[in-house]
Each structure stands twice: as structure tokens, then as C-alpha cells.
């Protein structure tokens, strides 16, 4: 490849990297500021531009007045996200396998329509569902509980799992299942003994999307909880008062990003092995 | 003694640990961060005597820090004193209403205690528990000023628990306005003397003059005016402040937003249009991004010394005068600018006033209440009473970001503020401005009717369209009036009139 | 013994149409047919992978038409080399045994023996993806055979291998399946030579039907129909339209009187089938040379006659220039005649 | 007969239907009621909410704005994501680190990051204008002008979701067959031509899937607007879902917002279906 292309590519990668990192660096810097360091205009480097303060960080682990303790929300968030992702992944994988291997027919409704029905759930803007979900969870006595949120998140995440896994299974030759059946497996056994062990890349991708969309949901976590169950995104907006403590927000943002950054590393491993081929199409 | 500092939270925890270790100091409550316990119905000592252990209280409040932080602080103290479990949830302003309203409408007992914007009383009154007589008779309550007792009352019954007093007034930099050199230069440049603006036209003029210059010599540009102009962030209050003197004629009774008789919206009447035009015009003296400023930005901007003038709640003023502030004692308060011409809707003419017409806007403030559905009403009221006890109120008043502002007569005491390290002019102008508003006969109150959010949201949207240059002031407000008429239609004129009558009674000084 | 009656599958691109047959244990049946003839469809239908709309399958007199796939006691080797990617070679072969309920150790021992038989004794712990295509297919074969199932089906198992491996595996095949004496072995292929070489009985399929069956040599010598002749001839057989009048066979401008090798049918149209061995260089007919290609040590020459096209084969590598004219003769004793309905009406004197 | 195929599909289908059916039917019912802040019952007011929707200019404008925003942002995300994927597809120094880095924005919570972005774009206290002023530019009215706010939202959307495209497209590239490239190389096709004649067509199925999913997600854009601009200035960044949110939860006009939602839903389903068909036709050259 010629030099021009190479330079262009390097510049592009460099530029984009800066763009990606910039908000994080800014947040990192801001998290060590106090009100004076903020109101005097943009500053960047601690000790040089401003006198650092650890207030932003300590407030996240302080109960009560000054700060919000994020340990509780962190655990709640993790619990809701993990359970809902797991349930969605299990149900979604089964459904996706069914849709990719069997023919379903209910009147004029066929496989493609069922798949569309799953995916179309994501078209619905969350606001639409806020009140009905509220009433539904109220009837179930599930408002402000992890269970209630899991229920709602499953509806949110299931379509994603179905989407990814349907495409993934479409890439696994049908003969593999047939072979398992000729080798003495029931259709269900074939799935569990043969297809599932070969679906790890797809499950990783689907699981990743579930985690991302679950961890990052704000709206339902916000509407359907009161005081007992608090998720991270909701805690952060509780700092979004008319006077915004930039320092706590920044520290908070960095902490809440951390767990999923680990997910990025896992995903990258699978991606570079090229095993996600069928997982995304 | 523990100094009050911004590290109050950690300090409190530390203090609590100390307290646990030394039970002998039982009557000394300084470990809670107050200077001393003050006598009163719900003093620390009185609250300490109660035992709510094993019971819990759910509280919804505003985001941290405004009101949210004192709520959390006092919840923590209340829990320590009584043994109760107090859960506090913090919600941004824009969503506070729905977070309270959805459980109300669906009969879900979600929160015992609610902190919210007092103007929502028109919607919430059906769901609130009236304040029991024994709290009305409490020492703290009897000192609450008439305006804020009025704010807490609905159809003659007190259903909100006053814990904050709010109004808009003008804040300005004395280091500029009182500076002889600057005054001389201003006179030379403009041909008129530099005085604290008496009308909004003056305000705009002064703001424009001082815009985009480094008049405090710190190397950064300074600006003329910081205002809350972000659509969904309390901008409606700023607009009402600006429009009130043009639209609220002291001799015209029977409604400011609506004609109480016909329930026709007055929002597109010439007075409001003039107010909006001046608001639009003022944008050129805003700091960069100023037309997207929320209250927090305004506080940072004026409180941080970036802008010359500002008007809104007390927060920026208190912030500017905190110990670590760069502009401490360089600010003073004054009544909101008035209007030389006022629209008289009875005669359909502009009346000229030799002394500018002032229409102090008793802007909605924070209030609190107990839900009817609560199963812990007594504890809930005890908590509110404790929240607002004499010692706590004094403490909260001193911390700008808490957003708690004078609402008792004892708070309007120059010596108290001087005791905080405020100098003469800063303290005196503050107290006199606030006191005078209490005495005004031409006050404007919020539209405390059912569906107030719809009205305000519609108005804010129209104002924002004019501010963004998408529509002219008249067109924008015509659009708002049309929407208001539709909302009125949907809600029902009679229901609305019944509610609005409460407001008009206060405005017409009949309440 | 496997008996199928009136097997019919739902209309699709390829479907079975009323197929009946009786397969005897211990035999290797090669099923020959072009792509789309219904070979795979037949195997899949037997296996239960493709639903039947009509017909019965009886294994040793027992009707297994409705039996679930896993209980059918059949194995199938696919054209693509498919193994379980997540299992080692050993576990791949042990897999069906484990499903039969054998203990792990026993299953692995049996699998190991089987893998040694197919020549993979050294690769037990590799993953299939680490093997060559031929080795992968051996694993698949081992997995199919290890079960000792009553029916062993192989669906064009060599089609995706390269030439050399194909030849090698084909040669080994009889030895590999020698153990499966009790089984019915069905082997599909598109290659006539393979079918004739490997099968005791050859079954010819066309358009979803079995159109002929029998010992390979008989079928080759006397294909009962024109379609059969067409399917089993490689290099391709050429068909020429002609007619018989007064005991003379006319085609194009040529004509042929009855000769000692061939008796002519009564008057009427016939289709004349010429295999390459019916044409020899030198003679009364003139043809234009088309393409010529080499196959092993033979040369195949495509010829254009005024009455149609045909193929000639000569030993050795020879170069023929395209476009030149060539004189050839047609051997009547090698010629076959088919009636307009496709029946073979060739009659010879001897 | 409950066969095994139902074992696979039914749990998910029934779960989803159970969770979603009530809210959906309820929304339909509510849209025919006047439920609002003082009237929380399910009265029946016929189709007047729908009549109001069709006369609601603000809604239709928000829909136009949404279309513009999502089409621009998704195109940018796709183009940039593809470019990035191509750039790190073949060995690059530090490639794995870059890949992880490029994925991270997608993992962050929109609400949280938008709060950070708001401080980044802060016109007098934020870094962007500060840095720009060093180059003599600005101050740029990022959040206070209609164009600025629109662009700010775009930037945040691109920052957040380009990684999504990057991930899908890179995964696709990694699994492409080698043969067509050999053929192209033998033909002597250059980088540019190889891309258009080999890579791009091979990536068509992934492209379609990625675009559709992103369009669906982008059309719901809410959190970013909520935190960054609150739909302003004026109504410059007010998208449909944010508008529905204002009507529904800020103004508490539950009945009306239900009608808005359903109209919106129908429009979205129809237009996404059309877009999907069009993409299929242009990129793959066939229907279905």
C-alpha cells in the first residue's frame, strides 16, 4: 500500500482514538476538581491548572447527605442486568433455534413474521410503556423490586437475543443437528449436546448486547422504582440537580463505565479469532 | 465545635462515630453539624425523645444538592435520633412531578413524604394529608411569613409544610455599580448615570453595556446577564418575572394569567408580549451558551463572578457570599426591575407610571407534604417538623447549594446574616428586598391550578421558540394562548376557575 | 431387510414420487442419478429428515414410518464433511455410542478401534477442524459405522474430495464397510463408474423415481430405458433421432441396413443411442471435429454430424484440430435403439 | 400435540406476549381516553386524541427532525464504522488495543455519558470552546443555537454508536472468504476497486442488518436529548420520543401521549419495513 494511504489511515486512527478517549480524560480530570476549579473556566491538568480535590470520588462512597452511595445501586444494577440478560439469553436462544430450524405457522403468521414480532418490540419507544408497565407491576406487587425490573428488561432484551441468535443459527449447517439426531439425540438433545456447545461466539455477542442494553437502560429503571431498588443510571441523574456537581458526576461516570469496558475486552478476543462469523449477519 | 463546611457529610459520619463512643454528651447535638440546638417544638432534643425504631419512611425529593442534600442530611439525622429507617430518593426537577403523580393516580403508596415545587398544589391537593393542628401550632410554623403560609394553603386548609421561601429578585455586582470610575465612564459612554436598573429596559441596556468585557480584570471575559433560559429548566419563572410588571396592573383585579371571569388566557396580551420581546432582546448580553442556561448554570455564572447581573432565587446570592467565594460581599440585592408602562386590560391601553410599576413574583418555592396514603403520617410530619426546626432552618439558610431560603420572619434579620460574615450592604439590601416583597400589594403568584405543568410547559415552549428566533414574540404567545385555551377546554373551565380563584385571592390581597 | 412402499414427499424442487423398493441386508446399493434426481431426498426420507406425504418404510417387517429419527437405527454420512466441531475425533466417534447408553470408557474403546480401522489411529485427540478433508470424511464414516446400525447411508461421500483422495478412499471403501455385513448399505453418487464399481446392486434414479435397478454390469449393457442409459453412461451417450422404414434405419443423411449385430424394429421413429465405443475412426460418415479433451490415457472427441452430435473415444493422447473434417464409421453392434416412449427396443441376433 | 419445536419457541414467545400484551392493549385503550393529571380513569372520548395528533404540528415536526437526525447519524456511524473496521482489519500496530478502545463508547450508559458531554460542550466552562479559542475559533454556541445543539446531539450519537457499526462490520470482515480477493488480485484490481467490487457486496447482508437495527435504536433517541439539550433550544432537538415523553410524563397527558405513541409506532413499523425492502433491493438486488 502506498505511503499516502498509510499516512491517511494512521491519522484517521489517531484522530478517532482521541475523539473516543477525550470525554473520558475530561471526566477523569473533572472528577478531581471542586467548584472553584470549574467556575474559573476550562482547566485540564491537576496541580498545574487547578488544585485537585478527591471530593468527587469520596462522595460516591459516602452515605447520605453529601453524596450518593453507589455501592447499593451498583449491586442492584448488576443483579438486574445479569439476571435479565441470562433469562433473555436462555429464552431467546431457544426461540432463535426454533425459528431457524422448524416451520411455525399460525394462520398467515409464519417464521419471518414471528421473528419480526420479536424484533419489533424494540421499535416501541419506552415512554409508551412506562405507565402500563407501572400498572402491571403494581398489580404484581413488583414495583420497586429487582424482580419487576427483570421482568421488564426481559421484554427489552429478548428481542436482541433473538435477533443475534437467529442469525447465528442460520450460519450453523442444519446437517449438524440432523447428524446429532441420527446419532441418537432427540431434537432437544441435539440442541443441548451439539448446537449449544458450538454457539459460544453467538452467545457471547448476544450476551454482550443484552448486558449493554440492560446496564444502560435509564428510563424503566427510573420510572418503575421508588426507594428500595436503585440502578446506576438513575443514581447519576439524582445528581443532576439545578446545581450540578460536575466532580461527582464525572467520577460516577467513570465507575459505571468500568464493568462494561471489561466486556469490550472479552468481545475483542472473540472478534479477532474470527469466530463471530455467524454470530452477526 | 465542628465548623460548617462543604464536607458536612463525611464530618457528620465522623461525628456520629464519636457520638456513639461518648454517650455522656447526649444533650449536645453539635455532632450533627449544627451550631447548637435551638428550642422549639421539633428541636433535636424533642425529636431525640421519640422512638421510631423498626419503622421506615420513604421520602422523594429533588436531586442533590438543591433541597436534595438537606433532605438527605436531615433524614440521616432523623434516623440517628429516632431509630427510624429513612429512605430518600432523589429525582431531577423535570421528572419529579410524574414520579409523584404516577403512584398517586394508581393508588400506590410509594412515598410518605414529598418535597416538590409548591405550584403543583393544584394537582396534588387531592392526595395530600392536611397538616394536623399540633404542627400548625408549632413554634416553627407560627413564625412563617404570611406569603408562605398562603402558599401552603388550599381552600383554607394548610396541606403543605413550609420549609422554604422563594421569590425572584435582582442581584448585581456592587464592585461595579458602586465604582466611581466605572460610573463616570458609563455616564460618558451612554449619557446616563449608572444606577441599579429600575425597569427591564434599563436592565437590558446596562447588561449590554457591560457585556463581553473583562471588567473584573481577571483575564477572562465578563458578561452582562445570567438568566435561566433553558426551556425545560425553570425558564418559565424567569419569563414571568420579566413579564409581570408589564402585565400586572396594580388597579386591575381578577387574574394575571387568566381573566377569572371568562377564563380566557391573557398570556398573549401586550404586557406579556413586551416582556417576551425584552427577554429575547436580553440574549445578546448572555454569556456564551447563556440561552441554554439552567438554574445551575446561572448560579455558577453569577455566583462564580462571570456576569454582572442576574435575577432568580437566592441560591446564586448565597453562593456568591460563601466563605470561599471570589466575589464575597461584592454583591447586593434589589427588587426586580419594574415597568414604566403597564398594560391595562380593563381599558385596553398602556398606562404610564412615573415610578416604575413593580410586580414582585412570589415564584414557586420548594414545599413539602405528606401523602394521604402514607401509613406513617405521624412520623412523616415529625420528620418535616424536624427538617424545618429552628436550628436546621438556620443551618440550611447558610449553604447556597441547599436552596433553602428565608421563609420565617426571624430569617429576615440583618444581624443574622451579618453573623455569617456578610457585610452591611450585602446583608441589608438582601433583607430589605425580601421584606419589601412581603409587603407589596401587587404580588404575582404561580398559576396554582390543575394541569399547571401543561400550562407552563406550553408557555416555556412558546417562549423558547421566540428566543430561538423561530417565531416572533406575538406569534409565539398567540400559539401559547391557543394551547392554553385547549388545555382549559380539556380540564374544564369551572374546575380551573375554582382553583385559580385561590391564586387570585392572594394576588388581589383578599386572602 | 428394508422395504419401502410408495414413498412420496411434498412437492418441492426435488421430491420423491411413489418410490418402492426392497433392500436386502449385506448388500451395497449404489444409487445413481444426476443432481436433483432425488437421491439425497430418498436417504433423508428414510432417515425421517424429510416428511412423507405418503408411503411406508418397513425395517424387518416392522413399520418405522412414524418412528423418531434417533430410534431408526440408521446412520448417514453427508457429502460435506460434517463432524461435531466441539468434540475431539475420538469423542466424535464415541458420541453415537454414548447416546446408545454405553459407558464412556467402553464407547471410547470402540471408537478408538473404529478410528484405527479407518486409518486415523494417530489422530484421536485432534479436533476435526485440524484434519484434512479426507480425514474428516473418514471420521464421519467411522462415526456412522461404529453404531453398527441396520442401515448405513452415504450421501455422495466422496464428492467434495479432490481426485486423488477420492480414488484412494474409493479403493478402500469395500474394506472399510466389510464389517457391516448385517447392514443395508446405501451409497449415492452421480458418477456411473463409482456406482458400478462399489455396488452389488445399482439403482438408477431420475426425477424423483427409481427408473431401473439391478446388477451394475447388466444395467450398463442393457439399460431398460433411454433415461437410464443416459444416466449410467460416462462419457455421455449421444442420442440421435431417426426412423425405420422397410428394415432400413435412416438418420440424417445416413442410413444403415440391418446388419448382423442388430435387428431393426418395425417401421416408425426411433432414438438411436451411440456410446463412444460405437464410433470408430475411418469410414463412410463425415463429421466435423469440435472440442477434444483428454481423460486419463484416452482422448475424447466431440463430433458434429449433419444428423446431430456424438462423442468418440480413442486410445492414447492425440491432437485433433477443431474444425477439421474426419471420416468415421458407426458400429451397428454397439448401437442401441429406443422407442419414442423411451423403452429399450434393441434386439440383437445372438 | 406439543412437539419439540414448541419447546423452543413457546417459552420466549409466551413470555414476551405476557409481558408486552397488557401494556400494548392498555395503551390502545388509554389512547381513547382523556386520562390526564386530574382524570385518571379510563373514560371514553372516541378518537378525539387521534384527531388532535393529526393537527399537532409539533409532533410532525419532531418526526421530521427525528428522520433527519437518525438518517444522518446512522449514515455517519456506518461510514465511520466501516472505515475504522477496514483500518484495523489487517494487522495494525497496537491493533487489539485500538479494537478494544473503539468498542468502549458503545458500552457506556447514554445518560451518564451525555452528562459528561454536556460539560464538554459547556460554552464558557467546557473544554471544547476553550481549545477552539486557542485556534481563534468561537465561542461556538454548541447547545444554545439550533444548529449547534443538533450537531452536538449528532456528535454524541456518533461517538456512542459508531462502535456498534464497527463491531458488526469488523466481525463481518474477519469472516469474509479469501477466494474473491485472490480473484480480484489476479485481475489486478486496486484497493479502491477491490473494495467496491468485492468487499462491499460481500458485506451487504451485514450492512442491511446493521443499518436496520441502528435505525430502530436511533429512532428511539431519548436519553441523549433528555440530558444534553432537553429538546432545545426552542424545539430544535425535540425528537418524537422526547416529545411524547413531554406530553406524557411532563404534561401528564397520558391519553394523548398514548395516541401519539401508537401513531408513531405505526409510522415507524411501516417506514422501517419500507427502508428494509429498499436496502435489500439496492444492496442485494432482490426482494426477500
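Chains: A, B, C and D, in written order; residue numbering restarts at 1 for each.
Keep this in mind: a contact is a pair of C-beta atoms (placed from the backbone, for glycine too) under 8 Å apart; a residue touches a chain by one contact, two chains touch by 3 or more.
All values reported here derive from a predicted model rather than from experimental measurement.
Compared with chain B, the chain whose C-alpha mean position is the greatest distance off is C. For this pair, chain B with chain D, the centres built from the Cα atoms lie 38 Å apart. For the pair chain B and chain C, the distance between mean C-alpha positions equals 92 Å.
Look at where the CA atoms of chain A average out and do the same for chain C: the two points lie 55 Å apart. The set of chain A residues that touch two or more partner chains comprises 38-39, 41, 130-131, 135, 186, 223, 237, 240, 244.
In chain B, the positions touching at least two other chains are 95, 98, 106, 233, 300, 306.
Of all possible chain pairings, those that touch are A-B, A-C, A-D, B-D. In the complex of the two chains, the chain D residues touching chain B come out as 34, 36-38, 40, 58, 122-125, 129, 138-139, 141-146, 149, 229-236, 246, 249-253. Remark: chain A residues 173, 175-176, 178-186, 189, 194, 197-198 touch chain C in the complex. Within the complex, the chain D residues that touch chain A are 4-9, 11-13, 15-16, 19-20, 22-24, 26-27, 30, 80, 83-84, 87-88, 92, 96, 98-113, 115-117, 119-120, 124-127, 129-131, 159, 167-168, 170-172, 174-175, 191, 205-206, 209, 213, 216-217, 219-220, 222-223, 227, 240-241, 244-245, 248-249, 254, 257-258, 261-262, 264-265, 268-269, 272.
For chain C in complex with chain A, the residues that touch the partner chain are 47, 49, 68-70, 72, 74-76, 78, 80, 82, 84-86, 95-96, 99-100, 143, 147.
Per the touch definition, chain A reaches chain D in the complex via residues 1, 5, 9, 12-13, 16-17, 19-23, 26-27, 30, 38-39, 41-42, 44, 91-92, 94-95, 97-99, 101-102, 104, 114, 117-133, 135-136, 151-152, 154-155, 158-159, 162-163, 167, 186-188, 191, 205, 212, 215-216, 218-219, 223, 232-233, 236-237, 240, 244, 246, 249-250, 252-253, 256-257, 260-261, 263-265, 267-268, 271-272, 274, 276-281.
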